[in-house]
Amino acid sequence: MSAGRRLAELSGPAAAAALGPGSVVVLPTGAVEHHGPHLPLLTDQIMADRVAAEAVDRAAAAGVDAWVLPTLAYTKSDEHAWAPGTMWLRAETFLQTVVDLGRSVAAAGAERLVFLNGHGGNVAPLGVALREVRRLTGLRTFLVPALVAAPPPDGEGLDELGLGIHGGAAETSMLLHLRPDLVDLSTAERWVPEHLAASELIGFHGKPVTFGWLSDDFGPAGVLGDPTQATAAYGARLYEASVALAVAALTEIAAFHPLGPGHTVAGGAGVAGPVEVR
Amino acid sequence: MSAGRRLAELSGPAAAAALGPGSVVVLPTGAVEHHGPHLPLLTDQIMADRVAAEAVDRAAAAGVDAWVLPTLAYTKSDEHAWAPGTMWLRAETFLQTVVDLGRSVAAAGAERLVFLNGHGGNVAPLGVALREVRRLTGLRTFLVPALVAAPPPDGEGLDELGLGIHGGAAETSMLLHLRPDLVDLSTAERWVPEHLAASELIGFHGKPVTFGWLSDDFGPAGVLGDPTQATAAYGARLYEASVALAVAALTEIAAFHPLGPGHTVAGGAGVAGPVEVR
Amino acid sequence: MSAGRRLAELSGPAAAAALGPGSVVVLPTGAVEHHGPHLPLLTDQIMADRVAAEAVDRAAAAGVDAWVLPTLAYTKSDEHAWAPGTMWLRAETFLQTVVDLGRSVAAAGAERLVFLNGHGGNVAPLGVALREVRRLTGLRTFLVPALVAAPPPDGEGLDELGLGIHGGAAETSMLLHLRPDLVDLSTAERWVPEHLAASELIGFHGKPVTFGWLSDDFGPAGVLGDPTQATAAYGARLYEASVALAVAALTEIAAFHPLGPGHTVAGGAGVAGPVEVR
Amino acid sequence: MSAGRRLAELSGPAAAAALGPGSVVVLPTGAVEHHGPHLPLLTDQIMADRVAAEAVDRAAAAGVDAWVLPTLAYTKSDEHAWAPGTMWLRAETFLQTVVDLGRSVAAAGAERLVFLNGHGGNVAPLGVALREVRRLTGLRTFLVPALVAAPPPDGEGLDELGLGIHGGAAETSMLLHLRPDLVDLSTAERWVPEHLAASELIGFHGKPVTFGWLSDDFGPAGVLGDPTQATAAYGARLYEASVALAVAALTEIAAFHPLGPGHTVAGGAGVAGPVEVR
Amino acid sequence: MSAGRRLAELSGPAAAAALGPGSVVVLPTGAVEHHGPHLPLLTDQIMADRVAAEAVDRAAAAGVDAWVLPTLAYTKSDEHAWAPGTMWLRAETFLQTVVDLGRSVAAAGAERLVFLNGHGGNVAPLGVALREVRRLTGLRTFLVPALVAAPPPDGEGLDELGLGIHGGAAETSMLLHLRPDLVDLSTAERWVPEHLAASELIGFHGKPVTFGWLSDDFGPAGVLGDPTQATAAYGARLYEASVALAVAALTEIAAFHPLGPGHTVAGGAGVAGPVEVR
Amino acid sequence: MSAGRRLAELSGPAAAAALGPGSVVVLPTGAVEHHGPHLPLLTDQIMADRVAAEAVDRAAAAGVDAWVLPTLAYTKSDEHAWAPGTMWLRAETFLQTVVDLGRSVAAAGAERLVFLNGHGGNVAPLGVALREVRRLTGLRTFLVPALVAAPPPDGEGLDELGLGIHGGAAETSMLLHLRPDLVDLSTAERWVPEHLAASELIGFHGKPVTFGWLSDDFGPAGVLGDPTQATAAYGARLYEASVALAVAALTEIAAFHPLGPGHTVAGGAGVAGPVEVR
């Protein structure tokens, strides 16, 4: 990362001078949670950390006033609470944490806060936080995924039925690319709940009915997907695609206004401006 | 509705006798919130209420042991907090309410709880609640939308750019079908943030980047969509499609198991069984 | 009910236009809780719902600017938590809910909020809420019972020793009047804790010492009273008396000022005016 | 007080040995709040403290296994928050405090807990606490007033219209009896909201409609009643009547069972026994 | 104590008139907790109560505008939760209580609040409260110990290895001085965890590593120290030393300013002034 | 660091296999907060991070079964809330976070949890957490400072009067040693509140009276100490001393038992064993 885009490496006065209405502050959100025997507890954090750093760097090089904060390491991983090693915050603790940090960012003079999220279990609570932080602090808030889909390098489709959402081919490939020393493919096993693919309405996403699940609802492994199909080459593609998406997102976010381009009014009547720092 | 499928019309002992592992309990979630000058505050509640009642009735007639609870009238409508008439719960209050009700349902002997939701602002917090209730009570939890898309009756596409999410053609049509006495089309105006459609990444859904918004971020009307295109005939189609989706969902939910059909084990290691009633 | 007195059937702008300093907003509070084998879980809600609607209608016809909100269905029923079918909120959840709704009413421009309460278990927490909402929002707050005593039609006294407070002759009669289809008198049994009547000091009300009880402290039925004495005719009398009381209460409330008639100052030094909507 | 009835003067092991199923533990609840210029902030606490100590002493002498705890000094006095000198807990803090203390009493082996309350503003939150503590800890809980009405010594009626509820003739007389050094009658003024007596339905108690009030709603004095009618002789009568009521209450409480005399079963199905001490 | 220095013995208006920027308000914090078989549950409270009253009296006589509030009887004693008789607040309840009281003191017009603390278990939570109250209310906050070390009267060193922190020679001596009627030395036993003295790094204080402990971690007695070495004469010395420290502390506090003597500015940029009383 | 001592780099099953009763789990606690113009916001985090990693590595090499978790980046920095760039959690959020993580560590099979803390503002809340986590989870908990005093390399004393606690010579020297690229000595200024050294009783530590302060109470710089005296050589000494202390602490902690060496019983009666993972 180009020196200076890590906000917390600045001094307080330097951070205050650096941030302004045009700044985009990125808070990567990771997790420390069970990902099966083949992946480290840090999997989501490594992805969020690395994609955020690279994307902020590239976006800044392209003229976006982007800044990255230290990754939030511990988040809402209660679907893996049953699995030793998972370090999880309750929903209430996680939401309070994110609101507290949002207030801090607003007090520092920025107007845009991006959660760059590496853990699927954070999507719903961050969905709540997006609005909570917007309403309470006046910040414009955004949620960007740290990992996006990409076609496998050999042009062949993955055989995961779209169910590889935790410890499957995508995450394992990313880790093979980013931290191969932490991956043990010898213990990787396929855990694809194939019947779910046959389900007409109920599913993880893209289907109209969602459901509350814990990761051991699908079997003792706590894995959803087929890590045996993972390769470092696929990981490299996923990483590039994810960084590219994040760079594009930061660029678009920097210019985004709900009333359309060119508008500069800070907020609607529903926002009372940044709350007092208390 | 066929007598007896409204759970709260039973006595306590009758409810206890009626509910069992195969039962599907439906909690409709509405809202009391600003929907522009042409629609009642009750809009989301009317939709959730009517679709839930009809769907439970039809599902029961088809052999699903479905039950409907009284609609939760007041929910998380803080995106409309700026608009007089909106009656909103804070995120914390809403989550506690839903968890309390989940515990009550679990204590009554059911194993499946469905939120049939009429208000978009509830989707994220209910996403949190799905897992929270599952983990704390052992219930299997599901989220079903009260309103789904349907093609307009005349075969022509709507001109809302997919942005008609609040007080637009769909909701207005539904209300013209269900409660025309509460709709005042003479005050309906088009409020489509067209620039959002041009946004490559940022959007309400279907796009990879979501954002935190208050309804007056898009203009003083607090409406997103074009209610001038609404018709009762389109409302009838939407209603039928929504009920049909809900009936199919209840049917699938009644037989759903994360390990696939035929499995009966109640939960994974992560679920300790229903919590004590305290 | 005369069209327009159901506040949530108005649009947001219409509600804002309708409400003013002279308005009286009524929030009926019901319950979904065990009432013995002869009464529906909805008993308290039906009473609150019906009495509120009728009273607001009559009061409005008499010139009171009264409005009714959707009934709060789920409330603090923990004394029946042991009984399957009871859907209860914890004290904390209930208080937060009522405070959130109070803030919403204050933001809508009204100055008077009435809880018209059908469930005895809500009296103490609403007593807390009356002051909490007054202090935090500046609203004037009132608590009106949905069910009041009335002499039985045949002039004979009831034989309940004043202990018919839950599922007894009064509630059962009301339901026989309002929803006879939901009452099963064949299962009604007398459960009067006669020794309590002999207690000099300890009792439910009217005696100086109160106590904390759960409904199964008095026996396995969870009923206090003698529903076998209930009749629809008595229910009609109770309903009329309750509506009359509520109408008179709304009329008096509309003109009430703690400093006496003619005063218009909104509040004492202790009230800082409506809190910001956050 | 006879040595040994102040529970906290015992050692831990002695307290554990002293308490058993037949014990009645009394927690006096006072307040530190504005009572006008003529009475000390401590008024309610002095009354609760003195009546509790004397009543426990007399009850113990009469064979009741009664014990008194240190008075809870700071309670829910938010109706006087506007008045400097008032030291108040929010509703939430007060309820948590009382629940925490209830758990502690249950863990010590007692089965009966009595709140002997000197402050009217605590009645509603203690009403909530009675049930909350019963449900969460299995304790039987009771609320006894520290001050009860008594006829004035000269046989003449007081001229307060029943509205002397805060700093009026009764409290001032009690203090003239118990701590005359802290009373300054020269500053006492009559503050009786006479119009309230004319109110048909709305009132403090005994009338069907209650309301949320702050003490300065009735004028700048924060007093309700006529302290100019107070005398030490009337205070002595009130004190005797209050102690007599409390002694009789403790006696009745020691033998009280909701199923009637002779029953010994600890609780209904709704009580799971004392909660773990955490 | 000289009349008038007990703040709560004043009326509200008198308290408001008495307090000003130069006032020092003292809140003694005690405990009701197990102290072994030889000491009363009230031990810490008696010490805090007596030292505070005497110190405020002497400081006032010396010209410090000091005031004492009623002792906070119930505090954070969870390290003794296992011992019957301990009445403890959870950390959250204790912190909320202290913050609520801090707001009340700030609203009364004082600018300095001193916790004079008799219970070691309160030191950490009061450390949190010092800053929390300062930040939220603008008060300057201080923590003064109610018991300080003093050499034994006979010039001989105590043989407790510095580990006599709960129910040991110091506390027992203080009680022998202040309330000998509540001490039973016949049951006193030596409980000194001598190995702790040998620990190089881990200890209660003065050593660099602290640890989380419950009082029964060190044995079944819940005592840390050697009460058999206690004497009333030593207690008298400890009392005098403790009062002297407290008087000196109040004197220094009255003149204290973080910018040094002579400064009068109320606070830094981080303090927004007393919060609104809500 | 030797591979494998970073717990979150293991997989869940590997972590479960690695941890046992003899394991010592280290959670470094940093901060993101203003440290003056010459130091980065990350100062405390860098110290905690680096000292923890090195100490765990050395302790493990010496046979201690030590493991380090990802550093908790955001903590309780409210004394610097006034300074832009500070990212702070409220006390409540911080305590909940630490308790949640403690539960997670207990569920993973370890029995000892060490907070290795780089931020002074965390000492009081971690003092609360030590006991809270011990009581709620059964873990033995410890607090070790990440930075300890050491004599300056040239044998001369520092001229900070013992008041260099935030951004002074010690922290600045550490950063000059660990991350010189992030230090800008050209902006360093001396901010020593010399009058505090003259204060007899009131001070930061070592003096009997502590006080609640915000960092701008001492001037606009938010610095306490004299960073102009900092050198990389002194930083190297401080780093070595701090690592050495931490290694010694981990070694002692691994063998620590409150009943003395050789004892293996897990806990006293006050600990009910690890709480259920919910």
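Read from first to last, the chains carry the letters A, B, C, D, E and F; within each, the first residue is number 1.
The rule is simple: a contact is a pair of C-beta atoms (placed from the backbone, for glycine too) under 8 Å apart; a residue touches a chain by one contact, two chains touch by 3 or more.
Per UniProt, the chains are A, B, C, D, E, F = Creatinine amidohydrolase.
Predicted model, so just to flag it, every value in this text is computed and none were measured.
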Taking all residue numbers at the chain A (Creatinine amidohydrolase) to chain F (Creatinine amidohydrolase) contact, is the shared part over half or under half, that is, same or different?
same
Which chain's centre, taken as the mean of its Cα atoms, is farthest from the centre of chain B (Creatinine amidohydrolase)?
E
Among A-F, B-C or A-B, which chain pair copies the contacts of C-D, with over half of them the same by residue number?
A-B
Whole-Å distance, C-alpha centre of chain D (Creatinine amidohydrolase) to that of chain E (Creatinine amidohydrolase), is 28
Chain centre separation in whole Å, for chain E (Creatinine amidohydrolase) relative to chain A (Creatinine amidohydrolase) (CA means)
47
At least two other chains touched by the same residue of chain E (Creatinine amidohydrolase): list those residues.
80-82, 92, 135, 270, 277-278
Chain A (Creatinine amidohydrolase) partner, complex, touching residues on chain F (Creatinine amidohydrolase) are 3, 7-16, 19, 32-42, 45, 69-74, 80-90, 92-93, 96-97, 100-101, 104-105, 107-109, 181-182, 184, 187, 222, 277-278
Mind listing the chain E (Creatinine amidohydrolase) positions that touch chain F (Creatinine amidohydrolase) in their complex?
78-82, 91-92, 95, 121, 123-125, 127-135, 139-145, 148, 193-196, 199-202, 208-220, 245, 248-249, 252-253, 256, 258-261, 267-271
